[in-house]
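Note sheet for the following structure.
As written, the chains take the letters A, B, C and D, and residue 1 is the first residue of each chain.
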Amino acid sequence: MKKLINDPEAVTSEAVEGFVRAHEDLVVQLDQLVVARAGGAVRGKVGLVSGGGSGHEPLHAGFVGVGMLDAAVPGPMFTSPTPDPILAATRAADGGAGVLHIVKNYTGDVLNFETAAELADAEDIEVATVVVNDDVAVEDSLYTAGRRGVAGTVLVEKIAGAAAERGDDLATVAAIATRVKDSVRSMGVALSACTVPHAGRPSFDLAEDEIEIGIGIHGEPGRRKIPLASADEITDLLLDPVVADLGLTAGESVLLLVNGMGGTPASELAIVYRHARRRLEEQGVAVRRSLVGNYVTSLEMQGASVTVLRLDDELTELYDAPVATAALRWNL
Amino acid sequence: MKKLINDPEAVTSEAVEGFVRAHEDLVVQLDQLVVARAGGAVRGKVGLVSGGGSGHEPLHAGFVGVGMLDAAVPGPMFTSPTPDPILAATRAADGGAGVLHIVKNYTGDVLNFETAAELADAEDIEVATVVVNDDVAVEDSLYTAGRRGVAGTVLVEKIAGAAAERGDDLATVAAIATRVKDSVRSMGVALSACTVPHAGRPSFDLAEDEIEIGIGIHGEPGRRKIPLASADEITDLLLDPVVADLGLTAGESVLLLVNGMGGTPASELAIVYRHARRRLEEQGVAVRRSLVGNYVTSLEMQGASVTVLRLDDELTELYDAPVATAALRWNL
Amino acid sequence: MTTPPAAAPAGPGPDPAGTLDVAWARRFVAEAAQVVAENRVALSELDRVIGDGDHGENMARGFAAVTAALEKAETATVGDVLKLVATTLMSTVGGAAGPLYGTAFLRAAKVSDAPAVDGQGVHSLLDAALEGVVARGKAQVGDKTMVDAWHPAVEAAAAAADAGGTPAAVLRAAADAAAVGAASTDELVALKGRASYLGERSVGHRDPGAASSVLLLDAAARAAGEA
Amino acid sequence: MTTPPAAAPAGPGPDPAGTLDVAWARRFVAEAAQVVAENRVALSELDRVIGDGDHGENMARGFAAVTAALEKAETATVGDVLKLVATTLMSTVGGAAGPLYGTAFLRAAKVSDAPAVDGQGVHSLLDAALEGVVARGKAQVGDKTMVDAWHPAVEAAAAAADAGGTPAAVLRAAADAAAVGAASTDELVALKGRASYLGERSVGHRDPGAASSVLLLDAAARAAGEA
């Protein structure tokens, strides 16, 4: 294992410290491992809190700032944070109008945020929760842990953040977040596994000519291994289930997000984007907004995911609204 | 070799096509492999053109837009473009006030831009050239090819771009670009080599416990191999020669850029940044601006470089000026 | 972590009437911390295969924190100790296991807030723990989770307690049944937790949380037996 | 590229007076394209060790383009062919080698704009090529570049031409001297081009541009000998 780290146990705390110092115009670090918007909670604005295991940078701390999250809670590497820092973040984000928890659907994240929400409630902070579950690689069923939350989370955070920023109340912000969650689907592929620092070895094994389709973002293996194929073929394997699950039809408008898993060159993401866009357009779907880059990563994993969000006018307008965070910034 | 590509020979053209489609609000592609600012040359504004081998994305096309480059010329993978597309880019960037060529100091780049400048001159387009050579891993000498241009190039492009945008004439823009070039130094490390698609094998060999200090950005081996060390130790090995070469002293202000080589997790870059910043501050140097991320990459190489730019008020103001490109965007 | 376990605190010996007291609870924590530390890599490896490879880390981090917290804490009852375990695990383990074990210990603490716990008391305590896991995680037997260890453990504890077993005997019965239950997860398709994402590919591998549950119950039994 | 070389175009046979004509120039291009394609991987491997591993790619791309361009072009003189080679390499090779070879062929074309080139003419042509490389690249003998192949080649060509050698003999002398010169780069520390970044670590490896220069000069000699 070769990494630019000091102590495997200190990766998260040192990385958060470095991140905050590099972006001190945008964020501050609280006593706990919590990254909050500089200047504190905005009075009267709904606060947005997200968090989860570390190793997915820029998620979530990279999205703290104006127009998006008010606080992020980076847990240990690939491990949900505990309720304490989530509660601290919730307090920091509360401007008196309540707080939305944006949670990726993993048992650990759901349970820890649930506990934190109970504790916040005991302090009279109103909390609403949206659980993002955009990963079509996993079947959604009442009898399983359900679909995972992956790259679509960024879009929920961006769009709900814009709604909060324009002054919507908690119920409205939560409803918009839920609408985004219901309109977004993703699927990913790994060409290589990642290595969690304290584990010291790759999270799964892949032969030189194999790739893993339907991976999560925690180094979990995917649904199946297949032989290495061309970028266009792989893109089809990611895009087709997304389109099918969304039930997209000709004439609809979408946002297309091609997300890198951390170790993928930008040129490869552009090649995946090129084909996904062509394919959508061939099906009569208009790609009105695009995002290509490393947004929800798995450390140094090589691979990518394709996310499609069905757009309407309001979601488009909220997506376009000003944002100033470390990893997304426009119109500000 | 596992890559998200179709044909190794088509990587650059497909990636450029995908990139342009994903950012059609900012850029257009010309007939040749040239990426130009959407809306064409700005009348009366000095045009900025840069280019070089591909594989360093987002450099250079990711920096085309308002406040930075007017056109970029992506060559074949790690290979300087030929004079023809450079000439086409120069024409596209010319708004009647002349064009600045920003060239990284590699024999191939210098010679091809030189030829293109001669051809532009023959068409009565005034061209000035700045050759960026910030890599302190290479000794600068009249009797060698001299220091390479690496991550500092981004800062030359940003700051000269702002000067052009505010209306400075060609001589002034070139002088500012030269001032940035003279005030910026970099040094890099590789934890792993990268694999050029058509080569199909790593650009150099590294054992499991070795790293390469003083690498360039073209998969060239560096000055020396050393055993893997801690992030803080490696950061010192990068930062110390940079500070020494700049002759930085207590009381000065700098911009600190920690650049990822493409396959490095954001958390590791933050850890390098954290230590570099601490070290600079211990020496009484004020870090006034920071940039941490993948800006000048070597495909999927794992590693990082540390760049320090000595700041004065004018350079700071130009750095802060609005920019809207695919990879750098603020105040717009 | 290869440091030796904290020495069992000097306390009253085994109660002649066959009850467990706060000293047992403290010995249990010491035993548990040691065995979790020893199995850190093994638990993470189980989790690497069908999860995200951190279960050993999570548990080791949690029990190291419990050990540290207990050193500084005054505790009068079994319930005091279990409550400290609960809150510490809840705030240090993270992941799925943190809230699940945290709730389990919290519920167990509530029913053991007495100076001494007999065989029936041990059963109640285990039963409350299982209820806590199910309340939070909503898993059923057969879903390939820690419930597959806890459920047979509680059943065996009930039988042993009804037969008038000592606390040590009840815990031994529970631990042994948990081991069988954990082994039964090998052949199951996971329906809850991260392993469920693998579907059929989860078959052939043991659930890490079930494995750690066996370690904890075994530590409890050994702490009682050695008393 | 493993396609066979374009068949040498039918043209006049060897000039009895011992001069080279446009047919030779076309044969030279065909030979060069073939040998560059055959050595694509080997040249890139040389470049991988002390450069960026693309020299074979660059040259193969360039000569494939030259072959295609020449197929469609009318050429009356040696100079016509060399000029087409020059502009095509300049616009397709990129990197350092593109402008360097481009300028070399451009300068050579300028001094060979005649229907027939004799032994002295071959020397002038090679001399002009070398001057072009030096004018652009500013390298000296001993800097571990293609100049280390070209410089002895031109000296040998001068001697052979002065001795009244045929064009074929002059080219053979040049090619053989280039091979010795290229081999001499093995022990040099690079002072120009990418390999210079390696400093002492460049010792023990052959310069790729010197190696490709030998291939080109040898192709020229063979094209003359076979005429």
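Simple rule for what comes next: contacts are C-beta pairs under 8 Å (C-beta built on N, C-alpha and C of every residue); 3 or more make two chains touch, one makes a residue touch a chain.
In this text the structure is predicted, and so the values were computed from the model without any measurement.
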Quick one: which chain's Cα centre is the longest way from subunit B's? C
In angstrom, rounded to a whole number, how far apart do the mean CA points of subunit A and subunit D lie? 55
Nearest whole angstrom, what separates the Cα centre of subunit A from the Cα centre of subunit C? 33
Suppose each chain is reduced to the average of its Cα coordinates; what separation in Å results between subunit C and subunit D? 77
Chains that touch, pairwise: A-B, A-C, B-D
Hey, which residues of subunit A end up touching subunit C in the complex? 53, 75-84, 106-108, 111-112, 114-115, 137-139, 143-145, 148, 196, 198-199, 201, 203-204, 216, 218-221, 223-224
Interface with subunit B, subunit A side, in the complex: residues 2-6, 11-12, 14-19, 21-23, 54-55, 57-58, 62, 189, 191-192, 208-209, 211, 228, 230-232, 234, 258, 262-275, 277, 290-292, 294, 297, 299-300, 302-304, 324, 329-332
Spell out the part of subunit C that touches subunit A in their complex, as residue ranges. 44, 48, 51-54, 57-58, 61, 90-100, 136-137, 191-194, 196-199, 201
